[in-house]
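The first chain written gets the first letter, and so on, giving A, B, C, D, E and F; residue counts start at 1 in each chain.
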Amino acid sequence: MSKLRVAVIGCGSIAKHRHIPEYAENSNVELVAFVDPVIERAQQYANEHGGQAFADYKEMLAAVKPDAVSVCTPNYLHAEQTIESAKAGAHVLVEKPMAVTDEEAAAMIEAAKANNVKLMVGHNQRFMPPHQKAKEILQTGVMGKVLTFRTSFGHPGPDAWSIDGADSWFFRKEEAIMGAMGDLGVHKSDLIRWLLDDEVSEVAAFVGTLDKKDTESDDNASCILRMQSGAIGTLVASWTYYKGEDNSTVLWCENGVMRIGTDPVDQVIVELRDGTINKYQTGEISTNEKQLSSFVVEKFVDSIINDTEPAVTGEEGRASLKVILDAFESQATGKVIKVQS
Amino acid sequence: MSKLRVAVIGCGSIAKHRHIPEYAENSNVELVAFVDPVIERAQQYANEHGGQAFADYKEMLAAVKPDAVSVCTPNYLHAEQTIESAKAGAHVLVEKPMAVTDEEAAAMIEAAKANNVKLMVGHNQRFMPPHQKAKEILQTGVMGKVLTFRTSFGHPGPDAWSIDGADSWFFRKEEAIMGAMGDLGVHKSDLIRWLLDDEVSEVAAFVGTLDKKDTESDDNASCILRMQSGAIGTLVASWTYYKGEDNSTVLWCENGVMRIGTDPVDQVIVELRDGTINKYQTGEISTNEKQLSSFVVEKFVDSIINDTEPAVTGEEGRASLKVILDAFESQATGKVIKVQS
Amino acid sequence: MSKLRVAVIGCGSIAKHRHIPEYAENSNVELVAFVDPVIERAQQYANEHGGQAFADYKEMLAAVKPDAVSVCTPNYLHAEQTIESAKAGAHVLVEKPMAVTDEEAAAMIEAAKANNVKLMVGHNQRFMPPHQKAKEILQTGVMGKVLTFRTSFGHPGPDAWSIDGADSWFFRKEEAIMGAMGDLGVHKSDLIRWLLDDEVSEVAAFVGTLDKKDTESDDNASCILRMQSGAIGTLVASWTYYKGEDNSTVLWCENGVMRIGTDPVDQVIVELRDGTINKYQTGEISTNEKQLSSFVVEKFVDSIINDTEPAVTGEEGRASLKVILDAFESQATGKVIKVQS
Amino acid sequence: MSKLRVAVIGCGSIAKHRHIPEYAENSNVELVAFVDPVIERAQQYANEHGGQAFADYKEMLAAVKPDAVSVCTPNYLHAEQTIESAKAGAHVLVEKPMAVTDEEAAAMIEAAKANNVKLMVGHNQRFMPPHQKAKEILQTGVMGKVLTFRTSFGHPGPDAWSIDGADSWFFRKEEAIMGAMGDLGVHKSDLIRWLLDDEVSEVAAFVGTLDKKDTESDDNASCILRMQSGAIGTLVASWTYYKGEDNSTVLWCENGVMRIGTDPVDQVIVELRDGTINKYQTGEISTNEKQLSSFVVEKFVDSIINDTEPAVTGEEGRASLKVILDAFESQATGKVIKVQS
Amino acid sequence: MSKLRVAVIGCGSIAKHRHIPEYAENSNVELVAFVDPVIERAQQYANEHGGQAFADYKEMLAAVKPDAVSVCTPNYLHAEQTIESAKAGAHVLVEKPMAVTDEEAAAMIEAAKANNVKLMVGHNQRFMPPHQKAKEILQTGVMGKVLTFRTSFGHPGPDAWSIDGADSWFFRKEEAIMGAMGDLGVHKSDLIRWLLDDEVSEVAAFVGTLDKKDTESDDNASCILRMQSGAIGTLVASWTYYKGEDNSTVLWCENGVMRIGTDPVDQVIVELRDGTINKYQTGEISTNEKQLSSFVVEKFVDSIINDTEPAVTGEEGRASLKVILDAFESQATGKVIKVQS
Amino acid sequence: MSKLRVAVIGCGSIAKHRHIPEYAENSNVELVAFVDPVIERAQQYANEHGGQAFADYKEMLAAVKPDAVSVCTPNYLHAEQTIESAKAGAHVLVEKPMAVTDEEAAAMIEAAKANNVKLMVGHNQRFMPPHQKAKEILQTGVMGKVLTFRTSFGHPGPDAWSIDGADSWFFRKEEAIMGAMGDLGVHKSDLIRWLLDDEVSEVAAFVGTLDKKDTESDDNASCILRMQSGAIGTLVASWTYYKGEDNSTVLWCENGVMRIGTDPVDQVIVELRDGTINKYQTGEISTNEKQLSSFVVEKFVDSIINDTEPAVTGEEGRASLKVILDAFESQATGKVIKVQS
């Protein structure tokens, strides 16, 4: 079989740490193009991995006609670039949040369908071994029904992580649209939907810029969620956990409690009402500081090669995004929002 | 000095575990009356500590004319009994929540003022050594401003704790009015107001009965709070933490994180951005299973003897209650509620 | 339903610590007779639990006509008493080892069948929570095939445990027939057969009296087992583990290792080739010093009430015994013995 | 004094990790020749350390006339090369197992004697600090007599360790003759003989190829040993401990238990009947993954320089080998073998 | 053999916690008399153990003519009572410090010799298992020469421990003569002399009453010692270790360090220059709070029965006392004192 | 602002590990000269950092006219070089001990004053984070008065640390004048003065050369100190802590104990009489093996730039030195020395 010809659009941190190295290690893939308005960044990867460098993605689509693309640009560009790529016949892996409005997300799904290409959203939290193990345990039924939960994702903010530091697009609201909520919150709305195999029915939220300077991007959000099953819980996203970085989820269930990511050694701990405690060392949850394999690229490539549904479909990405958008709406309107999915 | 003559109204678990033994150990106090509709309960304490037993508290007030009373009855009786006791010239220590409506709370404060008696509310969380230490540290300014927080109180429910087990008044909504929120949530609204020296400005909540059978009392609540300072956070109360019992508070601040009650050994842990970690072993936080001294009775007695303002005034109790009442209103109306205090 | 009328034959340590208290706590059982040649022992239990005391079990069978009996006497009496009880129409729970020869075991099974009564053997190791958890994991297939194993049971000997101390029948070879092998080894042959769902095909053993004084009962045995599946391993029984008491089993499998009872906290630890480690706190394995519920009596009673096959049938007990008897034969003949089951 | 001129015959892993570097660091030694049929391997060491490279060891003996040689070739070559080297006047350090039959071992001893050269066998386990400490404690008498023991050596097999991976001679039965038993089992027969200062009197064993593919070399052995002192125990060798790698020995004695190599921190732990526990951190036991100094080369060189008996004589190596050979005979004949030494 | 008839003179804490119970458990002893000016205390023990009660010890000696006595009175009485008891033909076990001047100690030794009775001093530290183990290790020579050391004994003072609390004779300088130095310091001078098998040659000290109220008894002493071997070190005694209670000794030697009593689990820890660490769990060192067997009474009785030299002779007690007396002299004179023994 | 032109006199270990790198990292400093009699050492730093190399410091002063110098030479040169540098108009940072007699120290202070330059002494222990935290706690008053203390500094000696190993000037008494006392003891006299904000009033000491070969430099000292406040304690310096390296201080106070540097994780541990325990992780105390930033250079530079008093003045250095000199005098005279400051 000939190799899948892949282009990466946007050469910032997420491309650098995950997409490019994971494509490079994938024996079914040939990296054929890198796109970045800062052409030097694109050129550097072309030098390293072969392929061509472009400053403009449309030019690239025309010139290279890639089989597939990764969209790793600021949030406000996701929809347009995805749709244009689909029109150019390329399968698309788009970073989260997949879009900045629900309408955009719908249009992206439509474009993929119309052009008969795969559309996958980069929700990598699902694939982390602790989350895989947690879902496996939940599916056995041993925990009974989930009653209430807490899921949170907080770190010191993209200042340190982004290639551009404090000048990162994350802090330019017109490009990021969403701050910590788009960066971290959407990971957790996706995770909780997937873990509980349930949909969010209502959301209320306080979202604000509490500490980051010279930005209107939200740096903190405290949300409450009600699920269709009746379970209720809290979802927190923060860019101001300067210490006490956290990416954990705790589920209190009919038969006991499940803690995910609360202990550095035992990533999943189950404590049951009958007194038994089970602890699972599955490998760590990826954080800003530890960039483990995301599995996202691998699964995207597999879905193309085997012509199967992507591991995270556009519909899934849209539903997870909707929760976050409705949280913003709650903040704006002072109302609890009923999530329409 | 002659001893303070105290009567205890309501002889259930809170009277048994805290009020009666703490009065009995207080050398400034003489226990003169015990009141309970189940007269045997009252009689048993009278036999043990001296004093008289009554089934009716008004009868007691008339017969005994106590200097002070503790009101340890179901929530719906707090206001009436407090007001009548005040009218009878007795200082009043009322259990939390001090009342079931804001109007009741206002009337209680008024009655105490009019009759020139002390009114104190039993918010013992403030006096727990870990919380005292936490406040002391916050007041030094070392943490900087609190940005976001999480405070939660969950246990398996009053079924096991109450004298009456699953038949407890806690499960009769007409008597309890509030379930886990009145039992646990109000502790945390009081704690967060006191710790941060701040008032809640907005609240939204999901409150419901998710697992307890044959009751309409709420067994779970997930709330979000915005403080006047701008800090936001989550407040959780639950009677269905069958495992994973929790009474912890975490504050993420400008200069680092403070964890209270998250570790069985080090009750307060401060981790600062400069890399230093300070840990404090102050003694444990009281839980259902470990009934440590509440300090509440001692402070109530002191305020009478020294004629000083009680450690938790009626105004404080009212403000903490208002947060909970507004959470119920949020649940009822689907709106974020602006807290008027 | 009227209660099951049960008699206990033999009132030594195993009756005292397990059978009598477990029957006494079982609401479906009425203890109607206690038998012991030391009549005072029998009388003491009759005083405590009701029922009659007898020195002679045949007399008891005739007088009381119990629905069921527990046979808790020295090994050499198990067969005769079981057969007579069956003939008297009583279901029988016989302690391990069920008999001292294979012929006896066969006759016991036959007698139960002929008289249409249940016959169960007291192999309680199967029911210990760690072993239940271990089998549950093995059955998922996650470990792959078991390749090699080590199972051992050692303690300081029955001197301390038995009611009669160093005068215990365990040290009189004419009554015990088997020493550590009958006391401990047969537990492990039963456990390994059950855990692996496999039969022993060959055994070789060194059995001897290495340290206990004034006895010919074996106090140590080192055995090797080959299973029908091809797995090989070691089985050890010892009454001279004066320190380093051990009741553990380790299974090295195609996909990793499973350790059972090697850690005081995590009773089952699974370590897989993919690097994950799972630890299970299921509650402890019972030892001489910690007499936890054996579950044996409960399961025996259930099988009678529900008319189901006992949890450990006579056939199972016979097969586990055969391994031990063949170990003795190996010691006697200097040959590896092919186990005929 | 002029330096000892040493040649290394066989340049595989054991030469690479132990013999060559340990000779190289020994100031009394000059490495003068390296022999390997894969001449490039030999040449590489000659380039690095000086000396000449040969494909044929006889050619080397003739050309170089070394003072001493290390024989690091596949097992089936040990005897012939040792004898030829002795005839050429070279002292010989031969890797374990020293030979593949007892007759070969006898001939090697004879040849060394006849040619007046030293013959030492590479049983390095004796020199590991934990084993030295264990023997020192046993010799004080504090443990009393050893009653029963367990000694085992298991790792994932030579696939990963050997220079040739799965193509290693270890898997070619015609060259290795013995698999895990020759690689690991003979270490443990040597260790137990030396630690207990005792000889094996009887052995029975199950030996087989349970999991390794495309080989007839044994990958597992479960053995029982009876010592002349009467102590009995188990000896296990395995190439299929894919996890749970183990090189431990436990001795249950009259006065308590000694654990060697069971804890990553405290390599020797003694627990006595009087309740005292002594723990010794002596440095680790060498495993496949951690190649610590073997001390073997140093002691071989010392014995030549000082003209003393080598630390592990041919007779010692022969006795340790005999136990393993008899284990194979037990497997072949279905009999317990009386070890003739 | 008839039993040894023993009288206890002084019924305070040391008699209560050690002497009386240890005599009572000794099958060779009959307690025949108890003496205390508070006659009720004496009478209580007579009631419990048999024998007679006396307020005056001379009366007792005349009336009872005991075979042996324990002198458990305030320090200033030790000499007189010992001498009188010896004259009355009784063997004497005297508590430490044996006397309050060197002349007294000499007279006591003389009296015992003249009357042919045993004289033993209650220096129990020597017999503590950690100290026994430490001396055993030192005697093997593994540590090499001791170069420098630190030995200290501090607790919150006798206020809590003594039967009379803050009214204890320990705080009346005219009765105690020495405070913390007589109570604790003399233990450590005895221990260091015995452990190192060496004599103190020079001492300097600061001794004072730093915190205890209404007493002139010293509550703290910091001393430096030079031994005849040349080793130097510090000796500290304190009654004001309100937290951080300590009874530890650390020896830095030519070959490494030995820590005694610094760890709650491993009472003796040896760390050698070659990197090995040995840890010994021998059982704890007795403290005020944990009164373990002192072994003192047992050894005193043995020396009488077997007619052997007592385990701590009068000469030993005198030499240990001399160090303390010279420390006081250093404080008084501002000089380093050369210890004459 | 133009940069501070700094010269380093003496290029041994302390210059290498602390002064030179800390100047090099300081953006306000330009390294302009390096002086060492071994000119190669000086040249090497000149090559690396720019500036000139000199063998003679006077030549350097004349040629370079530095703004400031660090004096990092053997002790006997400190005074002369400091005075000459001051005369040349250079601010001086001199290593500890600042001089070898009190008269020298006085002259140095005088010279700095006369020439209007800063004089700072390199007592870096004050700046270690654990000591800063300890002083901060002491200043809150929470500990109450310090009653007694222990402070010690011991390591295996300068043999390993010094550039010249066993040939180091530390072992040449004519150059070092003081051994362990000058190297380590003066750190601790400075620390205890500063921590307690108190002066030493009396000192006695045993100082000697107990183990180091071919040197008359003291390798051990055991001292007792009395402070003006009345507190007493021990101060120990040792070059023969071959294992058990120690740089800890323990303060027993009216309200509890403070341990500094006794635990590898929690550098400061406070345990109070009320039962609370506070632990502080401030970062480690620097040892020979871990050379953390000393903060000394930074503070010296700051005092020049801001024209403020240096963090450790000449007067402070002189007072700390005086304690050590008086300890030597105590050793010489056999007297307790009253410290005149």
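The definition used in the following text is that a contact is a pair of C-beta atoms (placed from the backbone, for glycine too) under 8 Å apart; a residue touches a chain by one contact, two chains touch by 3 or more.
Each chain and its UniProt protein: A, B, C, D, E, F = Gfo/Idh/MocA family oxidoreductase.
Values in this document were obtained by computation on a predicted structure and should not be read as measured data.
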| item | value |
| --- | --- |
| Set of chains adjacent to chain C and to chain E | D |
| Graph separation of chain A and chain E (steps between touching chains) | 3 |
| Any chain that touches chain E and chain B | F |
| Classification of the chain C:chain D interface as same or different, half of numbers criterion | same |
| From chain D, the most remote chain by mean C-alpha position | B |
| Computed distance of Cα centres, chain C from chain B, in Å | 55 |
| Intercentroid distance (Cα basis), chain D paired with chain B, Å | 72 |
| Chain A residues counted as touching two or more neighbouring chains | none |
| Touch-based graph of the chains, sorted into line, ring, star, complete or other | ring |
| Chain order around the ring, beginning at chain B and proceeding next to chain F | B, F, E, D, C, A |
| Interface residues, chain A side, partner chain C - complex | 129, 133, 266, 275-283 |
| Parts of chain C lying in touch with chain D, wherever the complex brings them together | 145, 147-148, 150, 152, 154, 202, 204-206, 208, 210-211, 220-226, 230-234, 236, 238, 240-244, 250, 252, 254-257, 259, 271-273, 330, 334-336 |
